[in-house]
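There's a structure below that I have some questions on.
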Amino acid sequence: MNTLIAISGLGVFCLIAEIFNLRKLLVPVTILGLLVILGLTISEFNTPELFNNPMYNNMIVVSKFSVAFSSLFIILTIFLVALSGDFYKEHLTKISDFIAIKIFLLAGAVAMISFGNLSMFFLGIEVLSISLYILAGSKRLDLKSNEAGMKYFLMGSFASGIILFGICLIYGAMTSFDVEYIKSLSRSAELPIWYTIGVILLLIGMLFKIAAVPFHFWAPDVYEGSPSMTTATMSTLAKVVAMATLFKLLDVLNADIDYKFQIVLAIVSVLSMTVGNIMALRQNNVKRMLAFSGISHAGFMLMALLSMATAASTLLYYTAAYALAGIASFAVIIYVTRDKENEDIVNFNGLGKTNPLMAAILTASLLSMAGIPIFSGFFAKFILFTQTITTGYLVVVIAAVINSIISVGYYFKLILAMYTKEAAEDKKAVPFVYHAVAVVAILLNIVIGIYPSLVMNLLN
Amino acid sequence: MNNVINEIGIENYIFLASLLFCIGVFGVLYRRNAIIVFMSIEIMLNAVNLLFVAFSTFRQDAEGQVFVFFSMAVAAAEVAVGLAILVSVYRNVGSIDIANLKNLKG
Amino acid sequence: MDVTTILLLLLVGALVTYFSGDKLASKVALVFSLGTMAVTLYLLNSSAQLSDLSFYANWIDAPKVALAFKADGLSLAMVLLTTALTPLIIFSSFGNSFNNSKNFYALVLFMAFAMTGTFLAADGLLYYIFWELALIPIYFIALIWGNGDAEDRKKAVVKFFIYTLAGSLFMLIGFAYLYTKADSFLLEDLYKLNLSATEQCYIFFAFFLAYAIKIPIIPFHTWQAKVYQKAPTVGTMLLSGIMLKMGLYSVIRWQLPIAPLAAKTYMPVLIGLSIAGVIYGSIVALRQKDLKKLLAYSSLAHVGLIAAGCYTLTIDGLRGAVLQMIAHGFVIVGLFFAAEIIYRRYETRTIAEMGGIRAQTPRFTSMFMILVLASVALPGTFNFVGEFTVLYSLIQINIWFVILGGTTIILGGYYMLKMFQNTMLGETNTKVFADVTTNEAITLVVIIGFLLFFGLYPKPIVDLVTPSLHQILETINR
Amino acid sequence: MDKTLALVLLLSPFAGFLFNVFFGKKVSKGISGAIGTITVLVSFLLSICFFAQLNQNGKPFEISLFDWISVHNFKLDFGLLLDQLSLLWLLFVTGIGSLIHLYSISYMHDDENMHKFFAYLNLFVFFMITLVIGSNLLVMFIGWEGVGLCSYLLIGFWYKNQSYNDAAKKAFIMNRIGDLGFLIGIFILGMMFSTLNFVEMKQALSAGNENTLILGAAALALFIGACGKSAQLPLYTWLPDAMAGPTPVSALIHAATMVTAGIFMVTRMNFLFDLTPYIQNIIAIVGAATALVAASIGLLQNDIKKVLAYSTVSQLGLMFLALGLGAYNVAVFHVITHAFFKACLFLGSGSVIHGLHGEQDMRKMGGLRKAMPITFWTMMISTLAIAGIFPFAGFWSKDEILMVAFEHNKVLWVVASIASIMTAFYMFRLMYLTFFKDFRGTEEQKHHLHESPSLITIPLVILAVLAAIGGAINLPGNTWLNYFLEPVLVTKHEEHTLGAHEYMLMGIALAGAVFGILWAYSKYIKQAFVPKEDAEIVGFSKTIYNKYYVDEFYTFLIVRPLNSLSNFFRTTLEPALGKVVFSFGTVANGIGTQGKKLQTGSVGLYLFAFVIGIGAIITYLFIAK
């Protein structure tokens, strides 16, 4: 709870900072603040007395799970904020808005992951979503950005309606929004049919958020149209948050998921992977490609939910690996395309020559997403496969493997462009911050790749 | 109040709310005017709010009604943002027909 | 000191090479690779028990993965092959100049590191990681420093990468499955598993896909010729000299002992497929127009025979396979180097544009000739020892296998001599062919010396590998 | 001490090879040739020493040098065995080898690569010695393949001519076909006896109880090997082509020594072949057929070396006939005498070619008797020997073969006799066309006609003497060779008592030879017939002249299908297989392209899919049980 309050406080501070004309200092100060909050959160991790200690009427429940994920969200936000400084340099007057929105987004995220009450969950997801609507449409004069914002808004609020409906039906069955209460009741009592429908609607709402097939259509369009910074946020932070929340929801709403629902999950998972990967093959826009790649990764992450008992650590590891690779790649993508009209793959031609370091980082992050060893993406997939085989879904694993193979196809398209094509322009200077973010993110990725226990042991 | 609900039957409230919700859904699906789409979404949300209140009464529990306040606030915020986006779309495109928003595809 | 020294030295070597700058890179890489070879030889001679060289440390707790490196005759023989060929390969490239040579040589050493790791790893996942890791450097080496039309090359290299990766991923599933059974990736634990026949089949074929593509066994070979042709010669040498052996080594180390029942059930099919590769590779090689492609197909034929040996599940088959792996590693590196020597002078790989070189450079001709003869397994060369042993194992299974597999003796002679005739003999070429330089000669002489010495006295290598192969065979027949 | 000497015997030619390879170019041609000759001579002298020793104590001498190859059921060492058979072979290999080296010093003097020539020759002798003195089949196989290699190198010695290279390649590959057979034989024997050592195998076999079927397979496989090396049907076609090499090579490798390796091997393994009568029959039939076919082709050849080549094939056939009939000693006898007269003939033809500056077509020779008397007389003696005229060496050995054949099978005897008559005919045809009548070459050549230098004629003379008196080692009644070989042969060869029967057979053989000679005389001396130009040859003669079109047949049956198969694989199957792999990618890409159309950008559609998704999931959950 302290984390949430601190984050909200920081958000408010960002808004006020504008008044005091602290715009130039805003980014460093925010990062500093976030680091402090990160420290605070991590310290919570080692104080077990906080866990399961009802506060504020059980609105927020702190647990190892929520702390670990919150830390991950904060780290991701630090990266995103760090990149914002340069990204919004032409909109310096509004920078405090942009940063504040990101911080509030983080607040929503933390609320989503540590909710103890469905109302908190609903507030969290709405804070997160509304922030994203704004960010998606934030390039006011750009038609693509407008369209992205509009589409995201329409579909997002539609999904919000579904989620709300779901919560309502659950409430009707349970007479409470308290998850502990729901959890215990869901195991014992005979439940009215609308409880199940409510759960399904709620989960479908989350599937929409993580962009799983067939609720994925918004993702490519919105990713492409949004400003790159927002795309980065959506594809890393927002996706990870939604995934973790989905896990938590499944955990609390129905401890033993019904076999039928597992089948649905398996099908959605396989469909997401397949559709995402195959559609990504023919994309020329890098952001769009990563959107489809994100859809397929959503499918992979859904696989983790097939074995709920061990899913928490797996999911934490997978999301960390995926998000860190995503941050690293977006750092490069933003750098490369920042004064380009679009994000077409041709913009990356010859990057290997003009900027070997950036090219290497992008390559590494793509390899990680493709699941090549020593990068954490490999372990993420591997642990996922092992776990899913243990549960008995060999077919899903085989589908996943085939998809991994397909995914190499488009990841390598980008790598090929960087190393085999001739560059259209000369080398240009890279602002320090891009290097810093990209290098730190990919190093973190590799470190957890070499020592998976660092992450895997957190939730045990 | 409770009697009323018991007499009518909670199922009927659920059907009503569902019906309203579906009307909202179809509105979103078939209308092309953005404003009307927004309104349809509002219908969906309000259908849910109605159901919340019904459940709240049915269960003799105040939490549901509190939740409605949250949901209304959120819906308001959402629509505010939505309208803002709509305005900028209108400025760029000169229309609020969502069928025109097809630049991003493929 | 244990085997990790070798690995560390190679890894450090790769880093130092990268930071040493373009001018020094090749020399630094050579020094490190020679150092590694020296260390390997020292290790081999330093301890009475090879197993003293093994290394074990915990790495990941859940899933339980260990940094386990097993040193026995088999793995050390393969490590020796790697560490002996790497300096040769690096040295052979001294006549070429590469853009960004620091990257290039660092990648070469890194690849040597990964391949050595593959040969040493005694933990399934560790092994898999090294296995995949070896793929990345060669991908970049072939892609960036390769030759020929860029689009074509890209297509070939990407196909190679995806194809081999695809196979490997199925192996990964196999390992994941094994882990759920054994709760460990350790080689010993996997050997101890009691899998049912059906399970063994699944595991076997999951592994087979990976190995059949890597080795390659027909019809999974389609990536090979193009990549060999397009990769720079150093890359081709690494691929054909060492990397193919990863697949064959893995068959012996992982596939057969873990799933022996399946291996026994499908033995005729597997041997048949391998031998079909021998014949097919030889026949395709007959009419190749490109020298490197021809050598690629010859390699296909040879590894087919080696694979057949592995799948006989006899001590002769395994031993012959290992001997032949080493012999083939050297000879194919030598042959590709010969092709490169010609390319440096004539800038062509088309056989039709060669010919008439012999009169101009008798020294080179003789060395090339010896390599050709070694490749067709003339008695007295190391290749004969290997080929003989493998064929002898085949006859223990079925005489037809040896008759069909033995056609390599005839067809191999045919296409290699035809190639030699068309490249080297005939009316003196109008283009000047400068005699081999000292550097080039040293490389070739070392290879030839190795092949001839061990051809007559293979005992050291046989004694090195035999005990470990007996152990593996015991596991297979448990 | 003996071990050292044996090693010197083996390695001396190898040292010569190394010297000529590394320093040959730096020293003068004379020195290079001298070194080559001396090293072989050393081996020859040492062979004599060993031979004398063995003749005294009769004990074979076996040494093991080091472990070589090991397989699961046995270990092979690198061992040498000097027994009666190997020493006999050593003697004539190194002896004739020395003579031919000597001859080559002069013959090859004008060649720029003379040092290489000697290097190869030395290497050949080295491998031939290895083949002969190996104590087990695999060491023999080293030599076996090694001599094949040297044969390849020497046939293609003039490497600028691609057709010579083709001939070399052909020789190597046809030999390799045989080698595969040999290897399979080795494998089978290894499986059966757990050893490949000759002495041990012999002991194991004498214990009996072996499966004759498997033994037969082994024997057949080994015989296929012998067919390849010794140019028997159907693998003989490489030998005539091998005449592309320099003439001393033809004399040494393709007449006297290497091609007899098959006979050596069969004799070595006589304890095996004796147990497999079916295979022996096959050997005898193949031998007789080869003798006849080759002799008939020889009748009409116009290239002087080709005639001798077919003659060699034919004579080898006779030797195999003897082997097949179990008369190993007779075969060995004929090998030795044949080595003498055939080496002499080849060297003589070389002398003629040398004199005519490379002309090999007999139609452009004639009348050389006066210009080259030594060559003529030495060749005449050898021709008489090969034709089987009393009392030259060939008479005795060939007569023995015919006699053995007569005893076993009359048909074989008839075939062999016809082949002998043909031999007499074509050999005298050769002599008449070359040395008699008038010279038919150009004026220029005529002007330069001269007898060859003494380095060439000395070997000729020595060989001619041997061809004349070489039969003495095994005269009926004085059968030294038979006694000498007794320890290495399993079945004892029964003595011929020289009765009326035998004399009659001798008479018939002699008469046949004389008939052949007279036939040739009438045609080429009396009628002064000169063979026609290639284009004018018609009818059956044409078929024979073109060697029964066997080469064309092989090309049609094997080489062409192989090449078209290769082309098919290369141009069709390979890309197709490649496409199969690519097709996965293509299909995925295709679906991707189609899928892009689904992503229309319309929010309505997206929402529609959303709702459908909800509907589908809910429906599924409630319908599925």
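All chains are identified by letter, namely A, B, C and D, in their written order; residue positions are counted from 1 within each chain.
Here is the rule we go by: contacts are C-beta pairs under 8 Å (C-beta built on N, C-alpha and C of every residue); 3 or more make two chains touch, one makes a residue touch a chain.
Note that the structure is predicted; figures quoted are calculated from it, not measured.
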With centres defined as CA means, the chain nearest the overall centre is C
Check: interface with higher C-beta contact count, B-D vs A-C, is A-C
Dist(centroid_CA(chain B), centroid_CA(chain D)) in Å evaluates to 98
Between the Cα centroids of chain A and chain C the separation in whole angstrom comes to 43
Dist(centroid_CA(chain B), centroid_CA(chain C)) in Å evaluates to 66
Between the Cα centroids of chain A and chain D the separation in whole angstrom comes to 78
Multi-partner residues in chain C (2 or more other chains touched) are 162
Chain A touches at least 2 other chains through residues 150-151, 154, 158, 220-221, 409
Flagged in chain D as touching 2+ other chains are 585, 596, 599, 601, 603, 607
Pairwise, the chains that touch are A-B, A-C, A-D, B-D, C-D
The answer for chain B against chain A in the complex is residues 10, 14, 17, 21, 24-25, 28, 34, 37, 41, 44-45, 47-48, 51-52, 55, 58-59, 61, 63-64, 66-67, 70-71, 74, 77-78, 81-82, 84-86, 88-89, 92-93, 98, 101, 103-106
As the complex stands, chain C meets chain D at residues 159, 162-163, 219, 221-223, 225-226, 280, 283-288, 314-316, 319, 356, 358-359, 362, 366, 373, 378-380, 385, 388-389, 391-393, 395-396, 399, 402-403, 406-407, 409-410, 413-414, 417-418, 421, 424-428, 456-459, 462
Per the touch rule, the chain A residues reaching chain B in their complex are 119, 122-123, 126, 129-130, 133-134, 137, 140-141, 143-144, 146-151, 153-154, 157-158, 160-161, 164-165, 167-169, 171-172, 175-177, 194, 220-222, 224-225, 283, 288
Given the complex, residues on chain D that touch chain A span 585, 588-589, 591-593, 595-596, 599, 601, 603, 605-607, 609-610, 612-614, 616-618, 620-621, 624
Chain C residues touching chain A in their complex are 59-63, 125, 128-129, 132-133, 135-136, 140, 143-144, 150, 153-154, 158, 161-162, 165-166, 169-170, 172-173, 176-177, 179-180
